[in-house]
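Note that the chains are named A, B, C and D in the order they appear, and that numbering of residues resets to 1 at the start of each chain.
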Amino acid sequence: MILKRYIPLAIVFIVGMTMLASWFIPHAPFGAFEIHATQWFDIIASFAMILGALNLLKVHSLKLIHKKLNWQYSLIAILGFFLTLTFGFIMKGGHYLVLTDVGNTPDAVVQEISTELQLKNNVANNLYITPKIEEGIELKKYYYTQNSAIDFKNRLENVGAIAEVKEVVWGSHLQADNTFFSWLFRNIFTSLSATMFALLAFFVASASYRAFKVRNMEATILLVAGVIIMIGRVPLGVFITNWIPKDSFFSFLRLEILQEWIYQFPNAAGARAIMIGIGLGIVGTSLRVILGIEKSFLGEK
Amino acid sequence: MKKRVIWLKAVLFSIFIFSFAISAELNIDVKVDEAEAEGQLLNMTITGTDADADFKVFKKLGDDGEWIELKNIENLKSKVYVENDISTVLKVSIYDDEGQVISEAISESFTTSAKWFNTSRTIRFIFLLVTAGLVLFYISRAKKKKNIYLRPIAGLKAFEEAVGRATEMGKSVLFVPGIMDLDQVETISGVIILGHVAKMTARYETELNVPVARSIVMEAGREIVREAYMSEGRPDQFNTDMVHYLTDDQFAYAAGVNGIMLREKPAAVFMQGKFFAESLILAETGNSIGAIQIAGTGSQAQLPFFITACDYTLIGEEFFAASAYLGEDPKLLGSIKGQDMVKAGIMIIIMLGVIFESFGAEFFKKIFEIG
Amino acid sequence: MSFGNILGAWVTVFLTLAILSYLYKDNPFYKIAEHLYVGVSAAYWGTIAFWNQVWPNLFGRLWPHIDNPESLNGFNKFWYKLYNGFHWLNGSMFPENGIPGDQTQNLWYIVALFLGLFMLARLIPSINWLGRWSLAYVVGMAAGLRIFGFMSSNVIAQIHGSILPLWGHGLGSALNNLVLIVGTVSGLFFFFFSVEHKGIFGKISRVGIYFLMISFGASFGFAIMGRISLLIGRFNKLIEYSSSQYGYATFILLAVMVITLLVLNIGKKEEEVE
Amino acid sequence: MSKFLENLDKIDRRYIFLIIAIVVMLPLIFPLGLPVEPTNLTIDAFDAVNKIPKDDKVLVSFDYGPSTKPEIHPMAIAVLRHLFTNGNRVIITCLWPDGLFMARDALEQVAHKEFDLKYGVDYVNLGYRPGNEAVIKGITRSFPANFTVDSKGTEIKKIPLMDGMQSLKDVGFIFSLSAGYPGSKEWVQYASDPLKITSSTGVTSIQVNEILPFVKSEQLNGIVAGMPGAAEYEQLLVKNGIHPTIGTAGKSMDAQSIAHLVIVLFIIIGNISYFAKRKKEKKY
């Protein structure tokens, strides 16, 4: 009972209060608490991801094993999962060269490098801040496979230079060019997420066709405000009311001016009311949680 | 030296520090004072020369540190970054055209430290105390006097009706607690509401399906749903996989929930939590399968979609209040009443402020300035 | 054009069209893309979390790189022995003598490590209550963290912004300010729970709703604008990949998908007839 | 006729999808060239960037990912062109993990291919750091403590541009390219407000309503709002002779305009059918 119920409640109270105090007390240990507390959260969340992943695998494996409806697709989900893990933790890619000696014909070497790296006029510009040659110059072009890097290395060695092949270190393989993980990000992840996002354009069109009806006063206001903003902010809107002279009394009826006014005043007022309401709601809920008035999220008993 | 001068804000707690000049011709002077409650920053003011002069500033940390040149100091008033709790000295040297030092000044040693109270946040501290005080006061009153009037919220009444309809049709109830993690108060609120919905599905013996986007939310959701089924005396109906994880990714999650809606065709869809762009995908798909949809969120930008595509929407603060409304605990209801009093106070402050401001008394508005 | 790039273009086009095919109806292409997306993204965010959080911020703080392991003594001597275990398991992920990077040792993170491990205790029924401690930490942290920010910028800053003069700055500004003040106060009144919205209160809250609706309308307008822009972006990509450079990926894959969907559809109709 | 109007309401939504696809696709293939007229807030942003003294270093933060790339990326390109033409040196940070890919693409195109600038001297890409607003708060105090290495893994000490950069206050201007959290709001709250650094921003359309209050209280100098905003910025670059042609945003404005018009037409048709139905219901 104590371990399962009271300690969690005490943790909520102590952590919540300390967090709150850290906003007002810059002195140690409170001052830096916020930064670490959020990082601890990230760490807990990262551990929790293992639970999520296991749950996902369980759900799809069960479908697969029992050959439930659409089990083939579960196989794809599982394969996608492991493919990504492989690129994240086992296969890196991202091979590159470190030039350690330019040999006797530096011009030819520079020529070779600038063709391979597609450098323009000033090779030195792009070779980075020219570290000392003893340390080696990292040629910032990455290759998926070691063979392509060796290929380039051989070409350099043909003109007398000496270079060695290296692989990006763990951690930076997430972001370096031409690693398997970044390939997956660019081609699979990006296209899926960007297209899902683009689907919204279609949904927004069908939603406005179906739901934007002048049923009552509220709906009418919503609709009129929406339409004016939509048309007034694109070139076409300016075009439509261009016939109203800019300096006449009626100039406020020009769509771009009207939309700007709605946007800056009535809209801002409504948005502000919602904002204050949300702020109070969050403050209230947080207080209820910290003070232990709302504790259902920890289970009743 | 560049001429552009950014005049940094003068500081209240300026402490006078003695200085001396090596050169008799130029009487320069370096003054420092602490800039922020967090320490680590000094306000440096150099007087006796102008910004055109060729000057350099050095700092020395500790008694036996070395002089380190501070680069990018272009103004006579500048902020200087130092370490807390180490005595620091600043030195200004002025050079002639040949690069010879013609004049130098050294500040008194100064130690910055983080303070025990950040005075620039006093107003916010008072505001917090008043809010917490009001909430606690009305909670204690609610404990004594049971019946507190709270206006009905249409969307909340529909909760039971939606679950009931799903039961009649023999279909499931889908609950989406938003896409954010439990570090957002909206998600906490959504999970609490999930508990109440789970009690209803337990009572009606209706299938409940809760896909989540965060593992921690999955665990919190399981905990609360289990408790709901226990408290309704239906532990046999509970199954951990009611609350299951899809993925952390926003649109992959949306795609996954979309798939669940299309293939399982739930009769009631609850969307309670923090939402972003995926809200429209969920609400539109839910609409196309003909489910009763009840949404609730504090995400301002997503409210219009919910309002147009869902049957009921809990707007902003209504959503946060919902968890207390559904709880029906007098303490929770009392806290809502307390929150209302804060709201009344805000409205009064705004109107008072408008009157003061209109008559040109600007002090009132200044109280609420936060920097 | 490298093989990686061309393969990438084809994959991109296929997945883009597969998702878009949902607009026609739920179909095998969409299901493939959807399931692939769920699987890939779960592992994607897990990988990101490990390399951006756990590795540098947890392990990096518990076992930062040290130059001279001989100089260690006391607790740290034992502590780095523990690390050698990781190093032994995977030498390239856990290099010798600690995690490289810019962290200094902070043993308080052992608490974070345990809170993380408690979360995993959910897997073992007999100790799964330990997970509640981690949940309690998360909820307490969230509540304490959000109160200040929301009170400060959503409430107090907005009060400050709503205090505007009604006269003395010309008729235009008076009117605009009046709209802002009336809108804010009446909108706020809509959220008042402890009085019945009838009579004069009903009227005020009605005005409030109108202002909320204008704001929702404006948001809707902006949202349409943004969504269309994103669709344009996707179409631009499809147009780019329809060139000969990429082997007319868009045209070919579009044709393949349309034909497949048609065939699938015809097949289904015949089944229904039978 | 009235029957037809009533049935309009029951139209299969796939026809709407198809029409939207066509009206967006066609103007992209066959452009009309509708004139883009810059609005005030975009002009404010342009002027603010234009006024940055030549010697000042500018921080550009890439806080967006691939899903909002069409809206923000054109702004990134336009702003970088503007800054590099001005002769400003640029420091890039990313608060979103995928922001780094975006930054890299933009730099490859503008800094490398168009301007052929020297990395580490004219511009530097510090890359992504986790921690959201904590990162901003951190660099208001110290750059080296938060970014020991740049995105390529080079030590900050060895990068000439970063030599002597103590903290964010050595930066003359902040431009945040933002698609949500963390983004413009955090840059205002934690950096440009406390340190009084002039700043401006480019945001997605959906975010405009959230950021506008900061612009109105002059905490931000102008705002580039969504793809139309980006198109206006591109137009301003052309007008001022900074770049010869408009970019992807400008070229997409025809499609954007027509799509808006078509959606408004949908709304009108939807309402006509709604009224036809209501009239009929009243009759019986």
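A few comments on the model shown:
Convention: contacts are C-beta pairs under 8 Å (C-beta built on N, C-alpha and C of every residue); 3 or more make two chains touch, one makes a residue touch a chain.
Please read all numbers here as calculations on a predicted model, not as lab measurements.
Highest inter-chain contact count (C-beta pairs) belongs to A-C.
Of all chains, the one whose mean C-alpha position sits at the greatest distance from that of subunit A is B.
Centre-to-centre spacing of subunit B and subunit C amounts to 16 Å, using the average Cα coordinate of each chain.
Between the CA-based centres of subunit C and subunit D the separation comes to 19 Å, rounded to the whole angstrom.
The distance from the centre of subunit B to the centre of subunit D, with each centre set as the mean of the Cα atoms, comes to 24 Å. Residue positions of subunit D touching 2 or more other chains: 13, 17, 20-21, 24, 67-70, 97, 128, 130, 206, 209, 213, 228, 256, 259-260, 263. Of all residues in subunit B, those that touch two or more other chains are 124, 128, 131, 181, 183, 185, 188, 215-216, 219-220, 223, 245-252, 255, 263, 277, 280, 300-301, 303-305, 307-308, 315-317, 321, 336, 339, 343, 346.
In subunit A, the residues that reach two or more other chains under the touch definition are 20, 23, 34, 38-39, 41-42, 44-45, 48-53, 56, 70, 174, 185-186, 189-190, 192-194, 196-197, 199-206, 208, 210, 212, 222-223, 226-227, 230, 233-234, 263-264, 267-268, 271-272, 274-278, 280, 282-283, 285-287, 289, 297-299.
If the chains shown are joined wherever they touch, the resulting network links each chain directly to all the rest. Residues 36-39, 113-118, 121, 124-125, 128, 131-132, 135-136, 139, 181, 183, 185-186, 188-189, 191-192, 195, 214-216, 218-220, 223-224, 226-227, 230-231, 241, 244-252, 254-255, 263, 277, 280-281, 283-284, 287, 298, 300, 303-305, 307-309, 315-317, 319-321, 323-324, 327, 329, 331-332, 335-336, 338-339, 342-343, 346 of subunit B are the ones touching subunit A in the complex.
Subunit D makes touch with subunit B in their complex at residues 13, 53, 55, 67, 141-142, 163-167, 169-170, 180, 193-194, 196, 206-207, 209-210. Note for the complex: subunit A touches subunit D at residues 34-35, 38-39, 42, 120-122, 124-126, 128-129, 131, 140, 169, 172, 174-175, 177, 182, 185-186, 189-190, 193-194, 196-197, 201-202, 204-206, 208-210, 212-215, 223, 227, 230-231, 233-239, 256, 260, 263-264, 267-268, 271-272. Those residues of subunit D lying in contact with subunit A across their complex are 13, 16-17, 20-21, 24, 34-37, 39-40, 65-70, 97-98, 100-101, 104, 112-113, 116-121, 127-128, 130-132, 134, 137-138, 151-154, 158-160, 209, 212-213, 216, 225, 228, 253, 256-264, 266-267, 269-271, 274.
Taken in their complex, subunit B has these residues touching subunit D: 2, 4, 6, 8-9, 40-41, 70-72, 79, 81, 250-251, 276-277, 288, 300-301, 371.
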